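These notes open a run of structures that come right after.
Okay, so chain A shows up in both of these, paired with chain B first and chain C after.
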Partner chain A sequence: MKKLEVRKNTYYDSVTLMIISKEVKTVDGVNEALVGMGTDLNQELVKALHLATPGFEEVTANDFFVAADCDSDEAFAAAVAKVDELLSKKASKGKSDYFPPTLEGALKVNPDLNMAIISVPGRHAAGVAQNCLDHNINVMLFSDNVTIEEEKELKENAAAKELLMMGPDCGTAIINHVPLAFANVVKSGDIGMVCASGTGAQEVSCIIDQLGGGISQLLGTGGRDLRKEIGGTMMKLCLDALINDPKTKVIAMVSKPPAPEIAAQILDQAAAGGKPVVVCFIGGDPTEIEKRGLVAACSLEDCAHKAVALSKGETPETFDTFSMGVQQAEQMAAAEVAKMAPTQKYIRGLYTGGTLCDEAMKLLIGELGHIQSNIPLNPEDNLENARTAASVRHTFLDFGDDAFTVGRPHPMIDPSLRAERVVQEASDPEAAVVLVDCVIGYGSHEDPAADLADAIRAAKAEASKNGRHLAVVASVCGTEGDPQSRSATQMKLADAGAIVLPTNAQATRFAQLILRRL
Partner chain B sequence: MSKVNELFEQKLNVVNFGIESFYQDLVKQDKPAVHVDWKPIAGGDKKIAGYLRKLKQPELYEKIQAANQEALSRILSAQPVLVGMSTAGEAIPGMTPTTILHAGPPVTWENMCGPVRGAVMGGLIYEGLAKDLKEAEELAASGKITFSPCHHHNAVGPMAGIVTYSMPVWHVVNKTFGIDAYCTMNEGLGKVLRFGACDQEVFDRLHRMREVYYPVLKEALELHGEIDLKVMIAQALQMGDEGHNRNKAGTSLLLREIAQDIYNTHFPKEQQAAAFKFLNDNDHVFLNLTMPACKSTMDAIFDIPYSTVVATMCRNGTEFGIRIAGLGKDQWFTAPSEFIRGLYFPGFTEKDANRDVGDSCITETTGIGGFCMAASPAIVQFVGGQVQDAINYSSQMYEITVGEGNAYKIPVLDFRGSATGIDIMKVIETGIRPIINTGIAHKDYGVGQIGAGLVNPPEGCFTKAIASCAEAWG
Partner chain C sequence: MPVRAIKICASLWRSLDQEPCPASLHSAFQHAANLSAGAGMLTLLSPGKGLQPGSVVLERAMDFSRLGAYSLTVGRDGIFADRAKLISFQQAQRLELWLDEALPLPGSERPVLDFLSGRRGTGLVCLAFQEVDNPWAEFLSPRLLAFRRVVWTDGADGARQAARRIAGCGPGLTPSSDDWLCGYLAALPSAFRRDGTAALLAETAAEATNDISANLLRWAGKGYFSEDILALKRCLCCGGGEAERLTAMERVASFGSSSGCDFLTGFYFGLLDTNLTGGKRLEET
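Right, the complex of A and B next:
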């Protein structure tokens, strides 16, 4: 049936009405509709669409009308209701910010830009970074797949201009108390950090925060800076800046063990600076460090403890135990083992943070001898095709490694692949312990514990269905101030049945207690 | 103390390339940050990026930048005025009784799209060269008719852009440079020649335009004297027009300007009234004045050696063509024109649409139209967008232009001059193509306009042009 509603002397903009006409046609029972002002053009359209009804010729250009061919009076009423709804609709979405396409455009928006975060594909990254340096903008380069030659050139150019060139593969920095990319909300204080590792920097800064210390600056260098080819260019620049920074009282340095000749240069520079320096060369030899009167740390956690002690004017002491006490840890480990089946023998470390994975392996390798991994400590323990290959004996996987990130976001942003693997390990009768990290803070997934907790529940259920008990040991890298909150994250994992330890080092040592009893 | 220590004392202002959430995190903390919508240069095409690098060699780049500044200064110093009316045959250089001008870059009868063919046939019948469509089609294909782009004859035409010998035309002059430009009178909406309609209704209107309205308007303009179009366009932009798809304000201003002169002509009252009503009933009258104003403005930048500024953008319904200031009037860079993303009149869909057609994007070339979309928020609704989208479109255009307008300004951007002088190097570098507001023609002749929306020139025009620049000057 053809229906018409006319509102005399009511004006609406024609474009608005075209949009409404389109929407009204989607109402159930409406076959064709035209909503408009009674202009000559619309009069013709009404005829062309066969919507004309007696009396339509009296509609004038000053009148608003709804003409429709519909199945019933109800359908027409619905159409009119839809028209009213759309006419009174207000824009719901907020303003979308303007994103310029180039650095030059960005500088027009904000001429004071002084720090760039770059995470474009690696083959384009050096060009983007160099352009920033050319504009005297400090760079934090998160992209990987940047060649070592490009890195060397970028860093030399930056050093000549006294600009920061953090990275490539640098995901964490806190400059002037602004967390950049993957970083946590830590208290401000007098400990300055310079790190060649992302999650290592996060772990140390978060533990410092838990211990009541605070951070002045947290600078990154990228993982290859202390290699011979680069020569520690950025580490030297950063160290120098921290030594000269009046707000920094204690310096904490975190890196994998550097090339010996570079280590010597860096340690000499640190020793000459006149400030207490804690050095954590993860898994490295403390001799060279201590020889120069610097403080060596045996784990990321230990590094934080020692830095906080120095910041408080106390004597740094090695921390390599459990916050809960050794006895209680032993009891809990024994209780876990008691529930296990005889087939269960091995640990599976499933990490989103590369340095945390590396640290755990280094803490365990002495007793385990071999750990299969996509980032193996010994080349012969390399696990090929880690993404699809099953775990063998003791296996640790770094989900942030290229093997897992090709065509995917970093696991700290999208932790789903790691969560799936947790469940997958549960079906292996030889798996005894699953060791996981959970990194929160800015940059990370808004609630990484949610997926992980579900996976832990599913894994535990799968194991117990087959008469086994899977121990899941976890630590959360983060602070109370982080958007996800450390305690809330710990609670979610504990509720799912994980044993949650305060730090990665303690979680690893706890897993070790279990393995010793198997 | 190094510069890094100075940084420790400064407020951190972050620019983010890549993962957008890093930027969002900073926004959540109220830290000053800008996110760059980064794309690899030329979409990662190494060859095209190579041309760009060649043109950016310091010595050459300096010449290019100087040339582009010269182009901008010529655009900004243009003074387009409406001086009067005449017929195409009297005024347009190279016009003959068997010449038909069309929109866009050169195109043969065989390659013309439906609406342009329709308009050509309509034009032949209107001129009395053919008595019906069949005869018109044969004549058009016979080789006896000279087809030529409006742009080769100091002219521009909206949509099909057909100009025939006896059609009345507006005559505009860029007084700064003494450049003429011509454009026919706008016929209105509905079934009209420029959308390829060619029936009796169309011919009747065209005849009324020439015999009834034109003499009145011509005399009225003689009585009035020249009209400064730059000022009028600038005012229209303050009144909600963007100068391409919305011409309500401009048309009103024009009518107010010459109303008394129409009354003062010697023609009978009925004829005056008819002419007045013709202008009053059609919101798009002013488009056909804005276009020659822009044409006369942009023709001034040809033959500035090394200028990479776009002097012409237009389409013939088959291909989109651009010309570059530094490469001269004879070199067209063409690629198939795109389909318009837009809103369709009731009863029509994307399936009915012709490719983008018409010379009207000379407005965008000059820095209005889509480039001033923020001045006309109503227009952005054609793509279902919001006012902020209009602002973003206009803001984005500053990334690909040499400078900003001094007369054409956008109120909502705090009266910022519109983005002016499209630089193909910037288009290639940013991957941002000019945004054009335009009407949608039905793909078959005889139907007319079926919607309106947004479109861009195809990328191919710019990649071909930059290759030629690199070869010519590199």
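Right, the complex of A and C next:
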């Protein structure tokens, strides 16, 4: 039977047409076929080969056609499918990065797009975000330096349309299993996360992955969302989305402690949602959480453990110990202390992840009393000019804070400044422990452990030269699936002499064991 | 930042208005795109491609398929998408793609035939060896022979009819017979362009084929060819070295799937006929 497929005003390059011509004839049940543009002479040839069908005369010189003599309709369908397969192969091969210069242009290219990541200077960010919202596009606003008034307006506008307005200063999200900005390769699963902290979200999601759990969605809100001025608008919207998401069985919520009235509203909403919710208000009071029947977590790691337990239908139990066991941790800490000089008394926390730094300080503050920092827990512990100032007693530095990032990339992208500081701390006779994080995953430096390992070696050598032993305690935030690989990163740090613990909380507790012995 | 054009056909550039005029995407491929602009077609080419008449070669690759989403305008400064400059012509080298007056050297068709002997099995190449190995060649063989005879003997009407009988035949985007005709026109002496015969043949064929092929034919009828073809013609007219000639033929042959070889086949027959006739119509001899 004679069959015809016509694509009006359609052009394919000659190489493609030749491949199609050749391949179509090899399809089972196709006896003869001619492929080309519908010029008069090509039509004449089709007729000469007895491949013409009724309607063929309507084909024009600018139309692409496939004319075939086939055994059956199925054979022709297979031939057309072959044509489409070859064409799509060609199209995907030819794909290249393309950057539409305007939002309107992007929408013309893909009218269905519904998510925008915005990273523009802060003064322009609100306008760009509002433009996206006006076009019903969900927003992840990576930019900072957006005023709180602008943030409030953007979030209210977004909430009115039930759109996400993640940020400003939102660096981490996983939407429909696609990691956005600084995020990790984690398994898919039934734990939905809503977080007002970037590295906090990364730490929890990575530990969930290590424990065998998976993430349904990871939504960010930006760090100021739970402030009284904003009112937790996005946290409420995201929480509602996860409550109504059929793929989400358990919800994990991560944030610094919110304003009390906002916390009450959020916790009431979570309690009414009907799904198990683990709440990690880092360093916050668990009373209000537990009072509503929700599960409070004492650390990011504990949050992950409890979420995974609930996901598996198990009773969540607090995890505040060591994976290696307390006894072994005690022995290792004692061994470290035994090598130290009497002058060594203090810890130096040098972090690239702000939330990890905050978590470590909160885990230690009860015993240490004061921790100097550029992101201090108490105003009187503020370390002025942190970039140039020497560390004082117990000092924690967040290298992602403005004090360190003016004119420089974020330390997760360029960790060199932190590496220099690791070496610098070694020359302080009072420094006993250096506590570091190493965040891997998308967005992060391609090998953040390399510089850090060199710095650790140099620092240890410097201390040793002066008759001291500097303990370096580290944790890696990431997964095996990340481009840098968690285990490979851990190995590099361990080879350099660091004691590598599985999580930031465990690393902090290990440092605490050392400090208790000094 | 707009993409920079590194080369632009000077004739195309002169035809553009200072003030950008509306344009639209006609067709897009992996390494080329055609825009319908004003009365003609403007071709965008990826880096590494030889400049063709009416075309622009870009500094870096683009995903041309996306151009259809924009309101495009084209002017002497470049191409604008939604009023934002997408491609800049400002620093582009403007090249004249005009075929000069020189006649091919006697016997210059021989190296082309030698080259084509390694391309048998492609498009219409078989015809240069008095063979037919595909239905297109079989269909065209007598018509092309008739065309060659008519071009050198008959007047305008005969030539027009003959051109009409070969136009738009073949499997490629630019049907093989059109490529063959472009090649043939490139080999014809300048007298055929001066008296309008070449343009008449090209226009007649253009009316019977698709837009893209028609565009190339019309430029060929006016004596405009790609820089690769001009380089080849210079080699054959001025006696360039073998290596230079081979490189030039390789570049022409690499165009499209069979288009380059079909062009060379037509070019071979054009050189053959020009050399056989001494470049003069038969009634003049």
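We adopt the following convention: the second predicted complex is superposed on the first by the 421 of 518 C-alpha atoms of A that agree within 3 Å, B and C clash if a C-alpha of one lies under 4 Å from a C-alpha of the other, contacts with A are read in each partner's own complex, and residues count from 1 in each chain.
In this section, contacts are C-beta pairs under 8 Å (C-beta built on N, C-alpha and C of every residue); 3 or more make two chains touch, one makes a residue touch a chain.
Predicted, not measured: the structure shown is a model, and the values here were computed from it.
J.: Just to be sure I read the superposition right, which of the two partners does A:Ser143 touch: chain B = first, chain C = second, or both, or neither?
T.: So A:Ser143 only meets chain B here.
J.: Could you say whether A:Leu17 touches chain B, chain C, both of them, or neither, answering first, second, both or neither?
T.: In the superposition, A:Leu17 touches chain C alone.
J.: One more residue to check, A:Asn62. First (chain B), second (chain C), both or neither?
T.: It touches chain C, and chain B stays clear.
J.: Touching A:Leu49, do we find chain B (first), chain C (second), both, or neither?
T.: A:Leu49: touches chain B and chain C.
J.: Looking at chain A, does chain B or chain C touch a larger number of its residues?
T.: Of the two chains, more chain A residues are contacted by B.
J.: Of the partners chain B and chain C, which touch A:Leu103 in the superposed model: first, second, both, neither?
T.: Touch partner of A:Leu103: chain B, not chain C.
J.: Tell me which partner A:Met37 touches in the superposition: chain B (first), chain C (second), both or neither.
T.: second
J.: Applying the touch criterion given at the start, work out whether A:Lys247 contacts chain B, chain C, both or neither, answering first, second, both or neither.
T.: In the superposition, A:Lys247 contacts chain B only.
J.: State whether A:Val120 touches chain B only (first), chain C only (second), both chains, or neither.
T.: Touch partner of A:Val120: chain B, not chain C.
J.: Would you please give the residues of chain A that touch chain B in one complex and also touch chain C in the other complex?
T.: Residues 13, 15, 18, 21, 34, 41, 44-45, 48-49, 91, 93, 95-98, 100-102, 105, 108-109, which sit in both footprints.
J.: Mind pulling up the chain C residues that touch chain A in the complex?
T.: On the chain C side, the touching residues are 26-27, 29-32, 61-63, 65-66, 69-70, 81-82, 84, 86, 135-136, 139, 165-175, 177, 208-213, 256-259.
J.: Contact residues on chain B for chain A in the complex?
T.: Residue list for chain B touching chain A: 1-5, 7-8, 10-19, 21-23, 25-29, 31-32, 34-40, 44, 189-190, 343-347, 378-379, 381-382, 384, 386-389, 391-392, 395-396, 398-399, 429-432.
J.: Tell me, which parts of chain A touch chain B in their complex?
T.: 13, 15-16, 18-19, 21-22, 25, 32-34, 41, 44-45, 48-49, 91, 93, 95-103, 105-106, 108-110, 112-121, 124, 128, 132, 137-138, 142-143, 161-164, 175-176, 178-181, 217, 237-238, 240-241, 244-245, 247, 409, 413, 442-443, 483
J.: In their complex, what parts of chain A are in touch with chain C?
T.: Interface residues on the chain A side: 11-15, 17-18, 21, 34-37, 39-42, 44-45, 48-49, 61-62, 90-91, 93-98, 100-102, 104-105, 108-109.
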